[in-house]
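As written, the chains take the letters A, B, C and D, and residue 1 is the first residue of each chain.
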Amino acid sequence: MKFSTVKKYRRRHKLLGALLIRNPVLVLGLDLPFVIAAATSLKNAAAMAIQIFIIHTGTMLVGRVTCTKLHRWQAIVANVAAATFMMMVAQVLVVALFRGISNSLGMYLYLMAVNAMTVFQSSALPKNAKIWPVFTGALSNALGFALVVGVVALIREYFAFGSLWGISLPVLIKLPALAIPFAGFMLMGFLLAFTRFLNKRLLALSLLETARKEARYTKIHVDSVETIDL
Amino acid sequence: MAMFRKGVLLAQHKEPAFSKPIVRFVNPQTDRMTIEREPPANPARAGVSDIVEIAQAAGVTDERDGKPLYKKLLRARERAVAVLVDAVDDEPYVSSRIAPLLQCREEVLGGLALCKQVAQTTNISFVVYQSITDQKLGLPRTIGGMPVVRLRGAYPAPAQSAKMKMREEKGRRLIVGTGALIHLYRAVWRAKRQSTTFITVAGSCVANPMNLEVSIGLSVDQVLERCGLSAEPTRVVCGGSMTGIAVLDRDATCVTHTTRAILAFRENKKDALFSCIGCGRCEQVCPAGLNPMYIHRFVENSYYANLRLFDAHMCVECGTCSYICPSRLTVAASVAKAKEYALCHFIQPGEETDELDG
Amino acid sequence: MLLENLYLFFTSAMVALAMENAIFARSLGLSRSVLFMKTPGAGILCGGILTWIATASSVLVAGVNYLVEGAPYASFIRMPGYLLCVCLVYAATYLYTKKKRPALFRVIRPYLPISTFNTALFGAFYISSLKSFGFFQTVGYALGTGVGYTIAIYVIYYARKRLAISPVPRSFRGLPVLLVYIGFLSLAIYGLIGHGLPS
Amino acid sequence: MSLTANALYAPHIRHHENTRTVMGDVILVLVVLYIMAYMHYGLRAVALGVWSVAICVLADVAGTLMRRQRPHIRDLSAVVTGMLLPLMMPVSIPYRVVAVAAVVAVAVAKQPFGGVGHNVFNPAAAGFSFAAICFGVQMFTYPEPQQALVGAAGEEAVFLPVLGALDFVSGIAPTFTLRLGAVPQYELLDMAMGNYPGPMGATNILVILACLLYLVFRNTVRWDMPVAFFGAAFLFAYIFPRSQMDRLESVGYEMMSGLLLFAGVFLLGDPVTTPKRDLSKVAFGAVAGVVVMLFRRFGNMEESITFAILLMNATTWGFDMLGERVYGKIRRHRVEVFNSQKIQKKA
């Protein structure tokens, strides 16, 4: 398959790319612990989403500064320090917003400061990185994380406790085990597989429409594109 | 008691072909061919050089390994300590060496006497496979005063132990098949050029299975017509039932010196093509102590990195793993592929020790 | 007294190693770079660095826990304190190896950040503070966490080798099926722990 | 491999046993266990079995189609999983629990790893473990089998209804008593005969032993793994008795209580998730026996043997590779022996 079409497709669906194709959790496999162990209810998910927005964007901006001034290993320390500061700021906000979140999230509330996505993306910035792409990239990464956490938390809270955002709903069968990390592992496995499947389908569809647009593709090509495999 | 045994005892469907008399099915022109060189005055005490030249002129070929017999005789004249008559028919349905040994005994003995003159040794023995359960005529203890060594055990234990015998004193023993002996005898006594070979025609859809002496060059179709087909076979095999080669074009495939059998089977394709259930029986039966299941998986996923551990070059290509596989997988083919890979990547030449030489 | 402390040390180390394994019980310190180690040696190196940093900094962390205990806004002060200890050990290791042991430095340099700023490390400190461990228990728990992390990486490496020879469906190849595999291991360990969610 | 390729390769004759006969042996003995369960608990046991088999087969076919392959129901592996699951549970189990266990067993433990023959973890053990964590109460309250036996003695039997509300006398299972450190109140002979509250199919000790013998003679289960497993468990129970009782008595209770015998025969007898070599089998069985008893001793669940088996399944690959190294040494040694052998010895 032609890579230019893939790039075209990704350029066209920028948001989709941020959420699915370059999703930090589903594709890059970053920040798995929080999704697997901590995302057991929608409130936790919301808290972690707010935290990641503040921590990640703030630290990325700090890292944009530190990567020019300091060595790599000093920059990491500085970024983690900044992330910790952001974490404390975010913690004030989150604890004010959600009652009893520090009990339900436990140590994951604090461990957000050293989540792999923030630490390594902020310290791996190139020296000549523009400020605006860094900011938007950080936002889209945080958005992707928030999406995954939200989906996982939705599934787990509904099927494990039969409630959504604390409001109990009628549920066919309760599976309390879903709130335990091992179920989180399996759930993430299936979610990753589903995402890959979805990416494949989306890319195939977009290739199909580009193929239909371009006149030099014959009918055979279109058919072959329909059954594309990545 | 299959649970305590290693290896597998095959059901030898040698009857009825084994005990039937051998039928000649020859092409008259080639059968009449003789050698120009006039026979020696007294064949009983013909000179060594005479015998070798006659064998060369008559084009006698050993059906075990397609080598011309005179070369073997020359090597034997220099450095041979023993003569071994190979009548090991361990594969099911095949009795094309043991039947001539038992039925045209004096011809075999005559040929053996000639070999004895060449090799100048008295250490002579016949090797047969004892675990033939369904034969009607029994195997004698001695033939012409010479001992008959019986190989027992599961398939292909005979091949194994025969290898044991043959490996020590590499090349210093003369191993000939019964067919070659018979043709040598005919060449020396009747000045006949070798134009025939002994084969077994059997299988689940052969009307009347029998041992034939057929002319070399006849097509597989003709031979099968001679014996009659009770049903249309799904696979026709040229060679042994375990190690033979499936024939695609029956007209184009001809009987050669080394053809041991022509088998025609009809199998139902229903119980085929499950995926491996990992029962591990192939490892219980492998005579070389290999691990065919994992080799098969590595080869199927083309993941050759770990094959070094599995010693695939030690495979003796007996096909037992495929035979026993309850999922009807082609394990042996994968192991053979792995063996090729191992031989050209892992093993220095000369390191492999499993080659059987005559 | 000493025997008692040793007993505490080893019990907490074993608990952290087996029953509350960082990766299998709490999924801490899990990331793609850890799951997809090139060689077992790299995995052991990564885990070894983590073990060293955890053990060394836990000595300081025990002091931090002791000071912070009962202070106002304890939860606020903890994380910076831990970060301080870990950064000290990190910088010390980095500079020492760079000056004195260049060969070792070249080997450990790529893995040093991954193993240092790792949720497994900080998680171990947090758990020791939540359970209000003493000095020996804290050090033992950190050591056990490091060793358990190393073992987990090793196990995951061989799980990948095992999964490489089975026809995993295309969508599941690589990370997804590996996560399901770890999920079953974690299920087995959970059966040993019984009911008790990781905090 | 396609059929034509299959028709080309040697050998050209095949053994008469195929996958269906191998699985058929297991299914046969499981049917026997279902008959025993029917005699103890009535028709509900059979209904549970049918239900679980149906769910398993459906999930298997669905998963195979999702993997874009032709489903082979004829290889019967899903049927075996489906028949194993209810036998490990009490007869009073709700149908939805069985359904959850079956779906987890096939859709999570079997299909993502590549389907039949490639699953790393035992599907039945995985499904049971998941259900045991989710529904601890329903999974571990066992009804008294006496109701059925009274019926056999002449008075009318009080079976559990196939559908509808369940009200039953829940007995105290020996596993529970042993975990409390007390001595079960059942006679060892009664337990051997199988009338004590427990899992549906796992209580008929003598029948399960007969099944084991049959499977061993049919060479479906290799004999050395169960021997090593039960030997290790026996020794462990003999050396460290859990409660104040005679050592041999403790051995009897440990071996007969709960799922130990059943799992040793059917879950460890599953060839896919256990090592292949005899040596590896022995080592694996011994380690598994010790691990199972350790889980019983220190685990907090009432029946933690399936978790131990899951943990052991993860080590199968390691055991196989170690066995391969050992056998590699044996192979090379044997080749040397071949090279240095004298014909006089053989002939």
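The rule is simple: contacts are C-beta pairs under 8 Å (C-beta built on N, C-alpha and C of every residue); 3 or more make two chains touch, one makes a residue touch a chain.
On a predicted model such as this, the values are computed, not experimentally measured, just so you know.
Separation of subunit A from subunit B in touch steps, taking the shortest path, is 2. Of the two chain pairs examined here, A-C and B-C, the one linked by more C-beta pairs in contact is A-C. When every chain is reduced to the mean of its CA atoms, the largest separation from subunit D belongs to B. The centroid of the Cα atoms in subunit A and the matching centroid in subunit C are 23 Å apart. Distance between subunit B and subunit C, defined via averaged C-alpha coordinates, is recorded as 63 Å. Our note on geometry: subunit C versus subunit D, Cα centroid distance of 35 Å, whole angstroms.
Our note on geometry: subunit B versus subunit D, Cα centroid distance of 45 Å, whole angstroms. Those residues of subunit A in touch with two or more other chains are numbered 180, 186, 189-190, 193. Subunit C has residues 161, 166-167, 169, 172, 176-177, 180, 184, 187, 190 in contact with two or more other chains. For subunit D, residues that reach two or more other chains under the stated contact definition are 108, 112, 115, 118, 130, 133.
Chain pairs that touch one another, listed by label: A-C, A-D, B-C, B-D, C-D.
Considering their complex, residues 173-177, 180, 186, 189-190, 193 of subunit A touch subunit D. Within the complex formed with subunit B, the residues of subunit C that make contact are 161, 164-167. Residues 28-33, 36-37, 73, 76-77, 80-81, 84, 87-88, 91, 102, 106-107, 110-111, 113-116, 119-120, 123, 179-186, 188-190, 192-194, 196-197, 200, 229 of subunit A are the ones touching subunit C in the complex.
Of all residues in subunit C, only 155, 158-159, 161-163, 166-169, 172, 176-177, 180-181, 184-185, 187-196 touch subunit D in the complex they form.
Those residues of subunit D that touch subunit A in the shared complex are 96, 100, 108, 112, 130, 133-134.
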